[in-house]
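In the two assemblies presented below, chain A is common to both, partnered first by chain B and then by chain C.
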Partner chain A sequence: MNAFIDFIMGPMVWISFLIFLGGLGYKLYRIIHEVRTKEGYVFSYLTWYHSLRSIGAWLIPFYPRATRQQPFFYGASYIFHLALFVVPLFLSAHIVLVEEAFNVSWPALNDTFADLLTVVIIASLAFFTGRRLIQPEVKFLTTAQDFALLFIVLIPFLTGFLAYHQVFAYQWMMILHILSGEFMLIIIPFSRFSHMITAALTRAYTGSEFGNVRHARDW
Partner chain B sequence: MNPTENTLDQAVEEGLERLTQERITRTVNQVLEKETGARFTAYVETCMRCGLCADACSFFLSNDRDPNRMPAGKVKQTVWEMLEKKGRVSKDFLRRAVRIAHLECNVCRRCSMYCPFGIDIAYMMLLVRRIIHKLEITPLYIQDTVNSHSATLNQMWVKEDEWIDTLQWQEEDAREEFEDLRIPLDKPGADIMYSVIAPEPKFQAGLIYQAAVIMHAAGMNWTMPSRPGWDNSNMAMFTGDNEISGRIARAFYETAADLNVRRIVMGECGHAFRSVYDVGNRWDAWAMPPFEVVHALEFYHELLTQGRITITEKYGKKVTLHDPCNVSRGRGLHDMAREVVGMTCSDFVEMTPNREHNYCCGAGGGVINCGPPYKGERMVNNRVKAEQLRDTGAQVLIAPCHNCHSGLEDIVHHYELNMEVKFLGDIIYETMEKRVYTPGV
Partner chain C sequence: MGEIRMKTCLTAMLVVLAFCFGTAGAQELIRMDTYAFDSTRRPAAVFDHDIHNEAAELDDCAVCHHVWENGTLVEDESSEDSPCSECHGVNPTQENEMALANAFHTKCRSCHIDKGAGPILCGQCHRKMQGGE
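Up next, the complex of A and B:
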């Protein structure tokens, strides 16, 4: 049992991060390479200025008109995405692990606040699930895969939350937490989670077409 | 043969009859694999099925939020299924795809501004139209315009002598107003080549008259080409017939090049602008058009701000302005349009939403060109535009685009909005001082 825990907390973490970062890196390389060989025109229109202008405009909460028309969704979405990165990266328990392994550390979030953010993440996921079940235009597009993606994100946060509060079997909860977290990382490059990089690319191109060619705003 | 719920027009139905499963599969896969690349893959793989694009689409909003009409819903019913079935789609599926891509999408690109990732859904609808074209099941009326383009290089089967006759007839009429007015044909080295779409000589020749008066009053050194290549419209661009589309644009630029003009000014048309400013040039391997292409809106702005024409008395009726997709989202001319309206009209009211966010007229992207069989559904599919117009309380609706103009005329009649639809040129012609420009006076 201990050997198993050592494995998932040691080599498996390395493997997960390698697949996560390597996979995304490879994906990015493959896209750029394919665009170069097959759709070179993309680079005739793409500019850093218009790309960053568009990405920037869409990163400012409620700046694009479309976001103001869906305040609940975007409100939940902004907080969810922010917390999704902030909680795992700045959780004191995670930082301690990194410090033990590499002797580097950084300031941690207050545990109660991190706990609250975790609840927010879980609540947001419940909201996204509800939308998929109820709102007709979202329901129309939704397949089992979409629920699976929500589930994959839910498990590491839910198990982390339960483990922190030591409800149910702590050790099993912890194992589940680690495995599901690693699974999420591994699946990112192979699923639509890779929108974490591709969304920037599609936005950049549309932003450039709108800004550079059509002299219009796309927000 | 009139279209019903389950059938489309003759060209589509007979085209479907001819198809074999093998040809369908091969064609779908050829287009999706060979004619696309990472851009398409990224669009398909990045979409999170969030449904936020729905709010963008006038078809969705006009049909009581029917998910079948939302942008991603249209992609789901066409592209996603083609990919999922590896091209093995049925004839019924294709009939539905024709309806979606040709009749239920204006390729107005408004949804790109509502997708948080900026996915270009119009591009995917045009890909579907490309497949439809290759399968030869394009709706009858729009295919006829493409056939005309192919045979005559203009959209309306206008013969060469008819074209020249029409210009001379307009010149003759206009000389009653201005003694020395000319519509100079093939004048080499002129500053401006003025170009129009084929419907102008065909049934709106008065617009050429007005343009000639404006050019004359402004003292421009201009010309119009007598040879094929004078028509800047391009329906092939909307049927996925890229080869013909490229031919049309090339003939157009070559005409301008042969006349050795400095720049091209074009009438109030949106899709034609999209063709010669944005799309046609790409097929001809020009990243940007080889000529400076100036839309009428921008040209009027230039004439008014430079004092080449003056307005005697501003237009008094309450006006509102429709932003055509292809010159607002397509070229960012919306603010200039407002300045022109401000210089020529005294009572202007905005419709909302406006500028880049304006709703399409419902006619654009080749939808109106699919012809009378589909007029009824076109009216239903743009209820939201009628509501937007009604809320302004304006008497006059300015629409600086041919497609918008025709589409909005239909909307105004169907919904009994009691509005006059006008071009900006109509307003300028009505309000301008009819004297010849002399510098410094």
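Up next, the complex of A and C:
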């Protein structure tokens, strides 16, 4: 069992990060290549200024008008996305593993605060699921894949929470935690999770078209 | 009369409960001494020196209590008379980059992985509960 756990905590982490980063890099290359061959005119009005202006405007919470029209949804979304990155990257238990492997470390979140943020993530996921089940205009656009993606995010955080509290079946909870976290990383480039890079491209395109062609704001 | 019987019954139940909790508390796990750390994030690692060495069939102290000099392991020398924190600071130093917690983690886990036995996950050593899993 130790050999298996060592494999999923060692080589498998490398494999997951390689697929995650390599996949995203390839995806980015494919998108740019495809736009260049099929819709090359986009580059005639795409500018760094208008792209970054739009990305920046949409990064400021409740700055774009649409976000003020649905404050509860966007509020939950902001907190969820922030916690989604902050918790795994600044969790003391994760930093300890990085320190063990590379002898580098950085400041960690207080464990109780990280625990609280994990509960916020789980609650946000429940809210997003409920929204897809109840809100008619969202329900209309929802497919089984949307629930599957929410579930894929839920598992690493739920198992991490249960493992931290050592409630039951600790070893299996940890194995599930590690594997589900790696699975989430691996499928990012091949699923709608890739919006972690494509969202910026959408803003660049829309921001440039609105700013440079229509001379309007897109926020 | 009924009330007295009820009281006797309750007292008896309390005595039984107290006995149960009393014995549960007696099975306290033996943990590492963490005096070198100013504060700890996790419960101290569960470790019983003698039980560990018997199970691991370990006679050579230097396997854990090693001595390093100028970046190389000194053969046939052991350091069981000095605390680990004498060389490994709580934070990494220029003389010794391997901080205390990292030294414990690396030493214990790498051996447990090599031998295919012993705990290697955080909560298997840093156990929150007093009793067994």
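Rule of thumb we're sticking to: the second predicted complex is superposed on the first by the 219 of 219 C-alpha atoms of A that agree within 3 Å, B and C clash if a C-alpha of one lies under 4 Å from a C-alpha of the other, contacts with A are read in each partner's own complex, and residues count from 1 in each chain.
The rule we apply is simple: a contact is a pair of C-beta atoms (placed from the backbone, for glycine too) under 8 Å apart; a residue touches a chain by one contact, two chains touch by 3 or more.
These figures come from a predicted structure and were not determined experimentally.
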- Mind checking chain B and chain C on superposed chain A, clash or fit? fit
- Which of the two partners, first being chain B and second being chain C, lies in contact with A:A66: first, second, both, or neither? first
- Message: For A:T129 in the superposed arrangement: first (chain B), second (chain C), both or neither?
- Response: neither
- Arrangement angle, chain B at one end, chain C at the other, chain A at the vertex (C-alpha, nearest 10°): 170
- Task: Considering only the touch criterion stated at the top, classify A:A93 as touching first (chain B), second (chain C), both, or neither.
- Result: second
- Query: Can A:T47 be said to touch chain B (first), chain C (second), both, or neither?
  - Reply: neither
- Task: State whether A:Q171 touches chain B only (first), chain C only (second), both chains, or neither.
- Result: second
- Considering only touches as defined above, state whether A:K139 meets chain B (first), chain C (second), both or neither. first
- Message: Tell me which partner touches more residues of chain A in the superposed arrangement, chain B or chain C.
- Response: B
- Message: Nearest approach of chain B to chain C by C-alpha atoms in the superposition, in Å, rounded to an integer.
- Response: 36
- Note on the structure: Interface residues of chain A shared by chain B and chain C, listed none
- For chain A, which residues are in contact with chain B within the complex? 30-32, 34-35, 38-39, 41-42, 44-45, 54, 58, 64-67, 69-70, 73, 131, 135-143, 146, 192, 194-195, 198-199, 201-203, 205-207, 209-210, 213-219
- Query: Can you name the residues of chain C that touch chain A in the complex?
  - Reply: 41, 92, 97-99, 101-102, 105-106, 109, 112-113, 115-118, 120-124, 127-129, 133
- Task: Going by the contact rule at the top, pick out the chain A residues touching chain C in the complex.
- Result: 2-3, 5-6, 9, 92-93, 96, 99-100, 103, 111, 163-166, 170-171, 174
- Item | Residues of chain B that touch chain A when the two form their complex | 37-39, 41-43, 45-52, 54-56, 60, 65, 67-68, 70, 72-73, 76, 112-114, 116-120, 278, 282, 287-288, 328-332, 353, 356-357
